[in-house]
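Below: a set of structures, written as structure tokens.
Paired with subunit B in one complex and with subunit C in the other, subunit A is shared by the two complexes that follow.
Let's look at the complex of A and B:
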């Protein structure tokens, strides 16, 4: 039987035994480690983990050290999902053959990857894993940029963000394309569970992770991960940024069950203007110049439309 | 899920693909993660049918690309169990990134490579371009000349790769179509005998041992990367051959069939020798026998193991030979051929007086005929008679148009 942790409050959470050590090389204020701790703390079950090449990987397994007190594998940039899918296949084979060393365990297979490794270069691998129905969970640490290599745009980078390969300049406002709707694409694989989560709403996140671990079949989780370095905000403000992201509805929190049943899981009491979210980050600084200010209005319209869309889906149960 | 043994006749009529698929079945692989590509597809199809008919107990994961196939193999091997797959050509090329990852992570995966040309221009037929592409990847590479070899070498590959002193992945190469689709008599082992040769998989650093969590695939920079690569090279250079030779010995005791790091045919008193790989070895051997009737002391040296490269075994085998031809079935694209270069490396610093010339042949499945080889032996003999190389160092065999020669 699955064994999920019951953590009631932040104090219990902060003192809970960790399988992800604080000794890592992630930037001060990086949300990755917060998200990973929240995920790992959702269960007492054994874990088989992978990380695709990226910040989390290069900062947590630098030979001869490791931050992981659970089995962990990194192969490359694009194939972390397939790595745990292969491990899951081996688990099934050895279980059937009666060769597991600890046959009474109930391991969970979780793959962590950035948005570059998920939305872009690893897209096909993740799609393959979802389609084949592996009993795995893929979690995107979505900081909307190739942060590990210094801030190049990915297909998760939002319009108007300045990235090193889509910089704002004399005649450009930076990234021109809208962010890919990865949760919708993954849900379209008709997987049992997909969701968007944020580290500030940790109870919502833990509930979703536990739901995902309890279902049979592939699970996709998109976690907003504010990046102090590339979003350009003070490291102490990570949680404030995350609050702005969820409460401005730029990152609405919702889940999709069996690819068709959408539930909004967090409704901010006071919805904040998108402008506040944008104004808190250096990557959008240029949008506040006169020639680009119209983009802030367009941002608000787009976010409103998306919220409207999610609400209509929830209401229609589709 | 029940899994049945299969009753085989002592000699079955199998092509190289089916021989490899049967060997994979008999090794009771835990996970096969695969993607089909011509000409290796029938290996994957054959294995899928074994599964569908209840002859396989392991997992079969049909992924969406060759890169994912090897990625799945790496994850499965890291988890701890017997793992194999098959590919060819473009699929092999797509896999290359993960080949280095598999060997660098010291995961004993067996990969059947049915050799095929690399595009462009697109071509489905056999040459050794993909095999050459893998030669720096840190894998052990075995070369089959016929379906029997393709069957036998799979067992040897598992035995060597999974040895705890080795822990390196291994490829079993066979020629696309010439071996993979040509049915011949194959001496079989019964399922129990075959499995006893490879034995039960013994895990090491397995992720599924929950009491001992492991970290696979770490980061190293200038502080440790070199030491890791050097150790891997050291193990390929020093540990692999003794294990292969022991496996060859045991296999001979079990089946009566003898394999060697290099296969020597009529070399003892030979003057002129062709060095080649794959199906060409058998053709060359036939021609060499005919040349002897014509008074030319011809021999053949076939490479059975390409990586690690049997440097000293080749030196020893070519001792006293007067003229040697290195046959490369891959476009050197601006250099002498790989085999030419590596033979030259073997012979340099020795007291040999042998003359070495290179021939590029058979690209994209172009036939190498007995006539071609007859002419080649005559050229080598002319070199011997003249006491010097009378041709350019690099010639092309069987290409249309004006004769192509370089160097």
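Let's look at the complex of A and C:
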């Protein structure tokens, strides 16, 4: 196996030679690219990448330009995971037959996709990859909405968020269903590693990506990706929003090893009220009106219960 | 249609990022890469900006927060030192300014037309920490 890149601190990390380029067309302040950079810079190994249709794909492959300095493929919305799984299968076959020119290189196979592409439309493809045991990593850029087509709700959209297909107004508070627990679903495939990450905690991110790349078998990563356009906040505040997401425990950071062993990897010193997280985003603005205010209390209860659940699982090692 | 095999179909489109091959990409910094015209590195989004970040190195502690959180690979750090902003790729989001921890900040946003030297000469003084 190739040697793991040593990244002791941020100064050392900053000597990385990026393999993702600027002048892509992502919105100013888009978290997708912050996540992608942290992932790619976590390793020095060769990369074989894919992106499913969505903001990341559309904005980094605008003919005649590519923003990728590694092998990268796009096919469709649903099949980014199977695209790299196919590449991985082919690579293994060529290796077995002794037909690789440089058999000692140790490429990593990574598929990037949005929540729409992962939680909904590519769901069975990803499940298939996990079940078949491909040596790939699937990373969700979770902005909780179909951002690239104008903000339709996905099964990752949380309760009370206003989306174009679940708009808040006089008769509705927006999305009525709660977010799917995708990390748990993926862990149930008994894969060696699944985790939730956030770009503000770059060290936790790098550690998890490196762990995921080192294990044999499929890896699932859910990355919170605040979207300035659809969550409706100022582009300069992307990192502030990410801090609110992790520190209010709306996006707790944890990992699940071999489908069962759960470890919480970040415990905020000051847990922030969920209300602060909601108040910072235009998509939840209506929740602060009298008729919908009760939902904020329900939000807090739900997040508290989830934190309690994660803690109990960690304690029980199940 | 003629009977052709799967490997004879025309591929969708393939773009090469570099002219020629780079053996050790993670050991080759951007200035040493031979980008092809197909890499977005050769393009510019400078005209997206309304405001631009100005860097004042006098206060910088090289913490690299701006480097890691810049979405557009526009903070140039070399040998663990922040050395400036890549104005072809910066979209003016302002994240680097928000995450800069120094007092006064080492990066501040100014209108795109502002003169950098003048702004650095008139840099705000240290702020009292009471918010």
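We take it that the second predicted complex is superposed on the first by the 310 of 318 C-alpha atoms of A that agree within 3 Å, B and C clash if a C-alpha of one lies under 4 Å from a C-alpha of the other, contacts with A are read in each partner's own complex, and residues count from 1 in each chain.
Here is the rule we use: a residue touches a chain if its C-beta (ideal position, glycine included) is under 8 Å from a C-beta of that chain, and two chains touch if they have at least 3 such contacts.
Since the structure is predicted, the reported quantities are computational estimates derived from the model, not experimental observations.
Participant: Identify whether subunit B and subunit C fit side by side or clash on subunit A in the overlaid structures.
Facilitator: clash
Participant: Between subunit B (first) and subunit C (second), which, if any, makes contact with A:282: first, second, both or neither?
Facilitator: Neither partner.
Participant: Of the two partner chains, subunit B (first) and subunit C (second), which one does A:150 touch, if any: first, second, both, or neither?
Facilitator: In the superposed model, A:150 contacts neither subunit B nor subunit C.
Participant: Looking at the overlay, what does A:58 touch: subunit B (first), subunit C (second), both, or neither?
Facilitator: first
Participant: For A:297, decide between first (touching subunit B), second (touching subunit C), both and neither.
Facilitator: Touch status of A:297: no partner.
Participant: In the overlaid three-chain picture, which partner chain does A:239 touch, first (subunit B) or second (subunit C), both, or neither?
Facilitator: second
Participant: State whether A:48 touches subunit B only (first), subunit C only (second), both chains, or neither.
Facilitator: Once the two structures are laid over each other on A, A:48 reaches subunit B alone.
Participant: Under the stated touch criterion, which partner chain does A:105 make contact with: subunit B (first), subunit C (second), both, or neither?
Facilitator: So A:105 only meets subunit B here.
Participant: Return first, second, both or neither, reflecting whether A:76 touches subunit B, subunit C, both chains, or no partner chain.
Facilitator: First partner only, subunit B.
Participant: Given the touch rule stated above, what does A:11 touch, subunit B (first), subunit C (second), both, or neither?
Facilitator: In the superposition, A:11 touches subunit C alone.
Participant: Just name the clashing stretch of subunit B against subunit C, choosing from 165-173, 201-209 or 381-389.
Facilitator: In the superposition, subunit C collides with subunit B along 165-173.
Participant: Enumerate the residues of subunit A that count as touching subunit B in its complex and touching subunit C in the other.
Facilitator: 62-64, 66, 68-70
Participant: Name, in rising order, each residue of subunit B that touches subunit A in their complex.
Facilitator: Its residues touching subunit A are 1, 30-31, 33, 57-59, 61-65, 67-68, 71-81, 83, 97-98, 101, 105, 206-211, 213-220, 224, 228.
Participant: Looking at the complex, which residues from subunit A come into contact with subunit B?
Facilitator: 46, 48, 50, 57-58, 61-64, 66, 68-76, 78-79, 82-87, 89-94, 96-97, 99-102, 105, 107, 124-125, 127-128, 131-132
Participant: So in the complex, which bits of subunit A are touching subunit C?
Facilitator: So the residues of subunit A in touch with subunit C come to 10-26, 28-34, 37-38, 44, 60, 62-70, 199-200, 202, 234-240.
Participant: Can you check the complex and tell me which residues of subunit C touch subunit A?
Facilitator: 13, 15, 17-18, 25-30, 33, 37-45, 48, 62-65, 67-74, 77-80, 86, 88-95, 97-99, 109
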